[in-house]
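What follows is a set of structures to go through.
Next, two complexes with subunit A in common: one pairs it with subunit B, the other with subunit C.
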Partner chain A sequence: MFAYYFTLGLRSLRRNPALTALMIVTLAVGVAASMATLTVLYVMSGDPIPEKSDRLFVPRVDTAPLVGYAAGDEPSDQLNYTDATNLLRSGQGVRRTAVYGVGNAIETGRADLPPFLAQGVAPTRDFFAMFNVPFLYGGPWDVATETAKSNVIVLNRELSEKLFGKTNPVGKRITMDSEQWQIVGVIDKWNPLPRYYRLINGNGGNFSGADEYFIPFQTAVRHEFSNNGNNNCTGEGPKEPGYQGWIASECDWIQFWFEGKSASDQARIKEFLAAYVTDQKKLGRFPRPINVRLENVMEWMKHLGVVGADTKLSTWLAFGFLLVCLVNTVGLLLAKFSARAGEVGVRRALGATRGNIFQQFLIEATVIGLVGGLLGLILSFGGLWLISMQSEEMAIVAKMDWAMLALTLALSIFASILAGLLPTWRACQVTPALQLKTQ
Partner chain B sequence: MLKMTNLSKVYRTHMIETHALRGFDIHVKEGEFVAVTGPSGSGKTTFLNIAGLLEEFSGGEFLLDGVNVKGMDDNARSKLRNEKLGFIFQGFNLIPDLNLFDNVDVPLRYRGFNAADRKIRIEDALGRVGLASRAKHFPAELSGGQQQRVAIARALAGSPKLLLADEPTGNLDTQMARGVMELLEEINSQGTTILMVTHDPELAARAQRNVHIIDGQVSDLLRETNASLAAVAATV
Partner chain C sequence: MEIRPILSSLLRNKTGALLIAAQVALSLAIVANALYIIHDRLERAARTSGVADETSMFRLGVAQMKDPESAEGKLAVQDRNYDLIRGVPGVASVARTNQSPLSRSGWNMGLSLDTKQAETTTNTAMYFGQDSMVKTFGLKLIEGRDFVADDVETIDPDKTQSLGRTAILTQVLAKKLFPASSAVGKTIYLGTGSDAFPLQVVGVVEKLQTPWANVGERGEISTILAARRVESYGMFVVRAEPGQRDRVMKDVEAALGKVPGQVVMGTESMEKDRIDLYRDDRAIAWMLITVTVLLLLVTASGIVGMATLWVNQRRKQIGVRRALGARRIDILRYFITENLMITTGGIVAGLLLAVALNQLLVSQLELPKLPLGYLAIGSTVLWLIGVLAVYGPAWRASSISPAIATRSA
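And now, the complex of A and B:
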């Protein structure tokens, strides 16, 4: 009977075409507004690494001086070099990485490709496994290379293709910062949204931009590459001049990640951090009371306010608008279905049960929802296009994936069923005897 | 076929009680063609609605083809209605956006016949009313008489045992009315029981038996009596 009712629903679209069109457009506009804003919220607040987001942790410790201390102060979002290297050696979790931004000139020696500045990051080799970075060629550098602080480099696909075309460049060398660097790997397309692994001053924004190359953390420090990102000094700043003075200071500039074996490691590593601070206090560091944080990926994104309050508000407003559209649709459906009381009477007289009538009219409402959903989908794309015109970052997040596409249709059908419940129930209450006489 | 004993129907509002039928007795045998007549407000339509299981009754007994319908739930009544009864209305009551084929298809869908069975039954029913060639037409493209024929085809398609007709010629001119009446007589001669409500004494006279309802009660007259009265009237 579903096919029969569905066909009747399709035919019924032609009946009262103006009323039907109004319903479809009302539903479509409501759905489009909701889905366009929800898509942005979904991309912004989505879990970029769902398989392990609950066991990747960012540590934060409060190294600031006692002066200006107020209870409840948040520790800094980054670590200084001393703590970063101590935590790298701590053995906590199954993997650890420190990350900081670097930018260097790459000299190609080619007339057709003059030297250019490339943006990269300096992590440890654990970085690639921690964040499930896919490799096109080769792989991360090995432990020996990392320990030896050798000049090795992993390129991203775009930089590799810019320098070597579509060939495998692993084993070749490039000149960067006037030194030779051996290519050990090329990563494939990797654009986690948001770019959770480096939310503070990534090369680009939280959603746009890409890191073009990766070199070992200690190699970058050996070369005294300065941080291409946010440097934060509370208190006195470096006591000694130069790079060595910088890395010995309490200024923070390094982002740090632990990978736990499971989500339960969060409490354990946090305890370790507190113990670590207690130890360091004996060395005259950490003048403030112990104040440590360990956040997993979603907590970290929430802490940094990756999703703006205005995005959340506009999503709420859009769903409020959908509710208004739904109420309108209920009214229009009531009008459409009440004009069909005669048909209900005839069908009941010919053997339809109330259940049959309920199914028929609800499926008819569903058909309206389906058509409204398809139109809503087109309007959603229009809405997303408008949103993407606002900024480059918005252009990246205002994109619909298959899940959102399916959700748009589902939302529209669900909304139409919801709107159809009252009118359908009313249609079922028709007294056939009365209708048959008055027709 | 249809037996009502001491049937009553009371409409209640918080102010008034209206007795539409009281002490209503009728027995329609299988194969009969019974005309129900009576002045407006006498209870004809209420009787037909109860006979058609479209309305519940307040008291008494009602057996439809041997089935006691008292206390039946809505689903069971719908099923019984679909299997045993066919309806013909004064206003034809065809569904305007369905073509003739699909209109006749409606009761068969609820019966659960498969597509092949439905097709055979629809074509046969439309053939019986002489409209087989117009199956793809819509009701608005037909005359009133033709529309009533489609309604008859729809009523016949499910092979009902009892055909309930409420003023079937009320909206038709004399010639069309005659055609429809002849069709009903033909259907009756093939074995279908017909219960017809009419205001038209001429049509009523063509039925085998007349049931006259006054103030919600039956006064049964034999067709023969009716015919002899007509003959007496003619000689006066």
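And now, the complex of A and C:
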């Protein structure tokens, strides 16, 4: 019976073509607007590392001076050099890394490739294992190299291909900042969305931009490379000028990550942080009351407001729009179905139950939803294309995957069924005798 | 008037009317809020930066592969690059700076009135360099004077954190620091506490936006200092002769890039910086405009659809009324009045919804509060759309010939 009603529904599309077309277009536009904005929201707020996002933690401690303290103040988002190195040595969790941004000129010595600036990060060795960074060639530098603060470098695939083509460059040397650096590894395509591992960056923002190379944290500090990113000084700032004054100061510029064995390590590491601050107080640091935070990946992204207010606004608005489209479809379906009271009367008189009528009309509404959904799918691609024209960042996030594709169709069908309920119920109320008498 | 009979007939057949009213209410709620956000964003993007003729301006950065060791070496790099830029025909003015308006990246520092303060009085965007930014940016000096050569202090960042002795403030900042009197001649401090550096205010400019062009007053709190930093890295802002920017930009980039061991980066016109800075604002405004137009179209089509249905259902009654002496205008008026009653009901509900939606946006997304004027605009628009949408079906209803309408079953 379903197949038959479905065919009837398809045929009925040709009845009142203007009204039907209006319904389909309304539904399609509403669905398209909602899905286009929802896709952006979905990509932006997605979990970039679902397998361990609940056991990667960002610590925050409040090193600011006592003056100006108000209860409820948030600790700074980054760490200063002193705390970062102390926490690296702490042995808490299974892995730890400190990350900051660097930018250096790479000399190629080739006539066809003039010197250029490349953007990279300086993490510790654990970084690669913590964030599941895939390697194409070689691997991370070893512990001995890290301790010796040697000039070693890991390239990303693009930079490697730019310099060496599609060959394996591990073991070769490049000239950066007028010094020789040995290549130990090349990472494969790796561009998590959002770039959760270093959200506070000086290159590209939360979604676009890529880190082209990786050098050991302590090597970068030995070279006195300054941070390419956000440098924040609450209070007095450095007491001494120059780089050594900078790293001795309470200014924060380093992003730090712990990896726990499981999600339950969050409480344990947080306790450790409080103990650490208590300990440091003895040295005259941390004048404020103990105020520590430890956030996992999703909490951290929420804290930094990765999904902007504008994105939320667009999504809300689009769903408001879908609601209007839905109300409109209810009205139009009501008009369409009420014109068929005579048909319902005849069918009921010939023995069809109310249930049969209900089924038939609801399936007819579903058919409209299906056609509207297909049209809506095309329109959502159009909408996403428009959104991706706005900026590089939007071009990266405005991409639909299979889940969203399926959701578009499902939303459209669900919307049409919802819209069809009232008109269908009304159609079922037709009294056959009355209807037949007036004919 | 005919309101009573129309009302009683409406009350008999409520569903359709309620649906239209609900649609109008939802549309009004969304349209009023959307119009306000559109206006707010476009107004934000239309603010001026204080820089005269932005279309002639561009910026670029210069870095060295190998930093010279000595201070003299670093200063020599600066001097050489000045000469290279000035050597390009069509360069009207050039200034070395640490940041450029609208470029979204720069320095933010605290100023205080007294070193004994626990906290700085205000944060300010900090522009500094050895040249006249007043001249290169084309700023309007409203009080005091521009920097002279004696004001410029040469500073080695490896030895001191000072940034000079003199300052030019924007009007907004001057008023904020010295509400009652003129700022010129006063001493302010960079930072606070015993390490703070004193600065003497020598002039006030009408306007110079921060590199971020923040919303509200904060967007115009900027300070200019006269300091020549000993460093080989540097950003230059260049004003080209009118109409020659693109060529001058290319030529300057080429002239600086030819020096071995020197890298030119971040070349961007101020026009492009402005587009990039307000990209999101314009994008959200256009998205809202699209949604508003679509929404009004959908609402209008809904009204047309329902009105057509009602006309078809009442063909017989219309025929009878016409046969009993009603003129065409009476029929037309009937449908338009009926529609006005429904939309008015919708609008009343919509006004409440709009305020509620605004409350939600204010609390959740920190959006500004909706001025009442937008409710009036939204209501008028929906009233007009209601009347326009119903006019077609109503006119068709009035053209029904009484003879034919009453004859059929």
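Just so we're on the same page, the second predicted complex is superposed on the first by the 409 of 439 C-alpha atoms of A that agree within 3 Å, B and C clash if a C-alpha of one lies under 4 Å from a C-alpha of the other, contacts with A are read in each partner's own complex, and residues count from 1 in each chain.
Note that contacts are C-beta pairs under 8 Å (C-beta built on N, C-alpha and C of every residue); 3 or more make two chains touch, one makes a residue touch a chain.
Just so it is clear, the model here is predicted, and its values are computed rather than measured.
Contacts of A:327 after superposition: subunit C is touched, whereas subunit B is not reached.
When the shared chain is aligned, subunit B comes close enough to touch A:352, but subunit C does not. When the two structures are aligned on the shared chain, A:170 is found in touch with neither subunit B nor subunit C.
Once chain A of one complex is fitted onto chain A of the other, the partner contacts of A:242 are limited to subunit C, with no touch recorded for subunit B.
Touch criterion not met for A:64: it reaches neither subunit B nor subunit C.
When the shared chain is aligned, no partner comes close enough to touch A:273: not subunit B, not subunit C. Of the two partner chains placed by the overlay, only subunit C lies in contact with A:318; subunit B stays clear of it.
Between subunit B and subunit C, C contacts the larger number of subunit A residues. When both complexes are overlaid on chain A, the residue A:118 reaches neither subunit B nor subunit C. Shared-chain residue A:306: touches no atom of subunit B or subunit C. Once the two complexes are overlaid on chain A, the subunit A residues touched by subunit B in the first and by subunit C in the second are 439. If you check the complex, the residues on subunit A that touch subunit C are 19, 22, 26, 29-30, 33, 67-68, 105, 107, 114-117, 177-178, 202, 236-239, 241-242, 308-310, 312-314, 316-318, 320-321, 323-325, 327-328, 330-332, 334-335, 338-339, 387, 390-391, 394, 422, 426, 438-439. Within the complex, the subunit B residues that touch subunit A are 45, 49, 52, 54-55, 74-75, 78-79, 81-83, 87, 89, 91, 93-95, 97-98, 106-107, 109-111, 154, 158, 166. Of all the residues in subunit A, the ones that touch subunit B in their complex are 1, 4, 11-12, 14-15, 342-343, 345-356, 432-433, 436-437, 439.
Residues 15-16, 19-20, 22-23, 26-27, 29-30, 34, 37, 63, 65-66, 105, 118-119, 157-161, 191, 193, 195, 257, 261, 263, 265, 279-280, 283-284, 287-288, 291, 294-295, 298-299, 301-302, 305-306, 308-309, 312-313, 357, 361, 364-367, 409 of subunit C touch subunit A in their complex.
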